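Should a chain be cited, it is by its letter among A, B, C, D, E, F, G, H, I, J, K, L, M and N, assigned in written order, with residues numbered from 1 in that chain.
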């Protein structure tokens, strides 16, 4: 296999596995926080607005770790510097 | 095996495994949040509308991590830039 | 092994493993939500209709992640673009 | 090994492992829901009919993920498009 | 190794591992449901008949996922279409 | 290695591993149900006969998944159709 | 390696691993049931005879899955049909 | 490597791993039962003799699964029928 | 494969797997802290500001471990000293 | 590698791994029983002598499974029948 | 592959995996401590300052283990003594 | 590689891994017993001497399994009978 | 690969993996202790100074196991006796 | 690779992995004991001195298992008898 094939295959596999593994933690963490938020609203309805606001700011923070994975995954597919190097090195 | 075969095989395998692993976290997280929501409604029926609204906004956020995986998976099958490159490079 | 064989073998294996792994998360999540729903109905029978409605809307959302896997699995078997490419490339 | 052997071996292995792994999640999820249903009936006997009805509709939904795996498994054994292709390609 | 040997070896191994893995989930799920049923009977003896009836209908549903595995396992041993194909292809 | 050796080795290994893995789930499930049964008897001694009857019917159902594994295991050792085929094919 | 060596090595390894893995589930399940039995006796001393009787009948049922493994293990060592076949096939 | 070496190496490794894995389940199960027994004695000192008697009979039953592993392990080292066969087959 | 290809492939794979694994811990940890924060607000609404402030300072600290992984991941893609060395060493 | 080296290497590795894995279960089981014993003494100081006596008899039983592993481990190092056979077979 | 390539590849992979694995423990540990801190503040608002101070000193101590990993990771990328040795040994 | 190298390498690796794995169980078990002991002292200060005495006798028993591993580990490094054999067999 | 390359590669990989794995246990253990400390302060504010003092002495003891790993890791990078030996053995 | 390289590489890898794995158990066990100690002090401040004394004696016992690993690790690096043997055997 020539270099281009190796780089492309590794990039494809890594892009997929990165977002796949990287979405488990945030999804579980967000699900837990969301579950507790609903329980808290049921317990203290008068504080629903405070709880909801804190929830969504916090969820955004947890979501950020999934975003990191998505960003890396997208970079590997559409803006991969190693791939660009080998494309330029390939004689046309 | 020539380059096209390698890239196609890796793309197929990665597309499947990405959505397979990537759907576990969100499914478990959503199931947990949903379970707590039902418990909260039973505990505080008067707040059912607030709880339901918060639940679905939150579920959408958790679902987003599954969507990321689905998007990557679809890109790898139908809009794979590496595959397109090798298709153009193949003499016809 | 020629290209067609490799692509077919990878497609078959991935299609199976995708739906196999991808059905664990939703099944466990739905089972948990369903269990809590029954507990909630027993606790607050008067809200049974609200609980049931929320349950099935939520279950549909959890089921969606299993559907993603099923869709990818079916695409890999019956509408696989890589397989179609190699079929056309094979001299008849 | 020729192509037919490879495709047949992969199909057999995938068919078995798909239903094997794919039946764990639904079985555990259904067991949990069923356990809670019995507990709910014991707690609120008057609502037994509502609980039982919700239980079986929900179980059917959880079972659907096992059905997906069974369908894929059966397709791979009895209606495998890749296998059919190679059968036709084999000179008689 | 010729094709017949490969197909036979894969069929044997898959048949065993399918029922082995596939019996864990249902056994654990049924054990859990059964345990809760006994607890429910002890708590509400007057509802023993309702609980027992619901239990056995539910157990049958959980058992169905083990049956799927057993069916696939038996098909692979006694009615394996791939094996039949290679048997006919073998010159006598 | 000739075909007979491969088939025999795979059959032996699969027979052992099938019953080994396949006995874990039922043993754990039965242990759990049994434990709860004893707890239920201690809680409601008057219902001991109902509890014990339900217990043993349920245990038989859980045991059935272990029986499936034992049956497959025995078939692989003493009534293995693939082994019989190769025995007949071996010149004497 | 000749056939006899392969069959003997596989039989030895499988015999050991079968009983090793197969004794974990029953041991844990029996330990759990036994623990609950002692707790139940402490809670309801008057029912000690009923509890003990149910315990030992149940333990025997759980033990049966370990027995299955032990039987397969012993068959593989002392009454292995495949080994006997190869012994007879070996020229003396 | 000749046959004797292979059989000896496999026997040594299997003998060790069998008792190693096979002692985990019984040890954990016995520890759990023992812990509950002490708790039960503290709760109901008057029943100490009944509890202790049931405990030791039960422990013996759990221990039996460890004994199975020990027996297989000892047979593989000191009374291994396969080893004896190859010893007799070795020219002196 | 020449050196450039190896280094590029390893860098791509490591960059993806680093952020994928590295985002699980922080996401789960933040989800847990967030869940408890919402529960604490519901319990003590008057301290909402103190709780929220402590929460976000703490989340930033947990997030820092994810940032470490993201930084390493970005360095490996865009400022990789090893890659730069091999680029300079490659004759143009 | 000659036979002696293989047997020695396998014996060394198995001896170590046997006692390493085999000491986990007993250590955890004993720790659990010991913890409960202390809790029981604190709860019922008057029964300290009965509890302590039962504890040490029970611990000895749990320890026995570790002893099995230690015995096998020692046999493999100092009284290994396979090693002795090969020593005698080696020409001096 | 020459020495430089091997060392560079190993350094890149190790740097990534070190911080990836090494950030899981601290992130989970900090999340747990933070969650308890918020619960403690809600329970005892008057001690908020003492709790917060102890929390951040403790978090710094937990964070130190992540810092160790980050330091090793950075040393491997930017101040790797082995890499420097091989750079000097490479003829220019 | 000659025999001495193989035996030395295996001895080194086994010695390390034996004590590494073998120290996990005792450490966790001792930590659990110690934790409960402190809780028991806080609950029943008057029995501190009995609890402490039972604790340390019990800890010594748990520690014994770690000692077994340490002994095997030390034997493998400093009194390895296989190593001594090969040393004597090496011509000087 | 020559000896220097092997030693350097193994040293780099081991240094990273040692501190990565070695930081998980201490981080989790410290997080648990810290969480309990905050809970204890909230429960008994008057004993805050005693609790804090015990906490930090204890944390230092837990941290010591992480330090062991860090020390080994640093020795492998900067004071590796094996590396020094091979450096001296390399002809200049 | 010559003998010296093999021995050195194995020694380095084993030294690292020994202390890495070996520090997990003690760290978790100590963290648990420490957490309970702080809880015990908060519950019974008058017994703080007894609790603290028992804690540190116990921690030293748990720490001993980590010390075993550290000792083995150090022996493998600085006083490795196998390494010394090969050093003496190497012609200078």
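By definition in this document, a residue touches a chain if its C-beta (ideal position, glycine included) is under 8 Å from a C-beta of that chain, and two chains touch if they have at least 3 such contacts.
Chains and their UniProt names: A, B, C, D, E, F, G, H, I, J, K, L, M, N = ATP synthase subunit c.
What you see is a predicted model; the values in this text were computed from it and never measured.
Hey, what chains does subunit A (ATP synthase subunit c) share as contacts with subunit I (ATP synthase subunit c)?
For subunit A (ATP synthase subunit c) paired with subunit I (ATP synthase subunit c), there are no chains in contact with each.
What's the distance between the Cα centroids of subunit F (ATP synthase subunit c) and subunit K (ATP synthase subunit c), rounded to whole Å?
Taking the average C-alpha coordinate of subunit F (ATP synthase subunit c) and of subunit K (ATP synthase subunit c), the gap between them is 48 Å.
Round to the nearest whole Å and give the separation of the Cα centres of subunit F (ATP synthase subunit c) and subunit H (ATP synthase subunit c).
That pair's centroid distance is 21 Å.
Could you state the distance in Å from the CA-based centre of subunit L (ATP synthase subunit c) to that of subunit N (ATP synthase subunit c)?
Here the centre of subunit N (ATP synthase subunit c) sits 11 Å away from the centre of subunit L (ATP synthase subunit c).
Rounded to a whole Å, what is the gap between the Cα centroids of subunit C (ATP synthase subunit c) and subunit K (ATP synthase subunit c)?
The computed centroid separation for subunit C (ATP synthase subunit c) versus subunit K (ATP synthase subunit c) comes out at 37 Å.
Show the residues in subunit N (ATP synthase subunit c) shared as contacts by 2 or more other chains, in ascending order.
Touching at least two other chains: 1, 11, 13, 15, 17, 19-21, 24-26, 28-32, 35-37, 39, 41, 43, 55, 59, 66, 69, 73.
Report the topology of the inter-chain touch graph, choosing from line, ring, star, complete and other.
ring
What sequence of chains forms the ring when you start at subunit K (ATP synthase subunit c) and head for subunit M (ATP synthase subunit c)?
Listed round the ring from subunit K (ATP synthase subunit c), with subunit M (ATP synthase subunit c) adjacent next, the chains are K, M, N, L, J, H, G, F, E, D, C, B, A, I.
Spell out the part of subunit B (ATP synthase subunit c) that touches subunit C (ATP synthase subunit c) in their complex, as residue ranges.
Within the complex, subunit B (ATP synthase subunit c) touches subunit C (ATP synthase subunit c) at residues 1-2, 4-5, 8-9, 11-13, 15-17, 19-21, 23-32, 34-39, 41-43, 45, 48, 52, 55-56, 59, 63, 66, 69-70, 73, 77-78, 83, 87.
Can you name the residues of subunit K (ATP synthase subunit c) that touch subunit M (ATP synthase subunit c) in the complex?
1, 3, 6-7, 10-11, 13-15, 17-22, 24-26, 28-33, 35-37, 39-41, 43-44, 46-47, 50-51, 54-55, 57-59, 61-62, 64-66, 68-69, 72-73, 75-76, 80-82, 85-86
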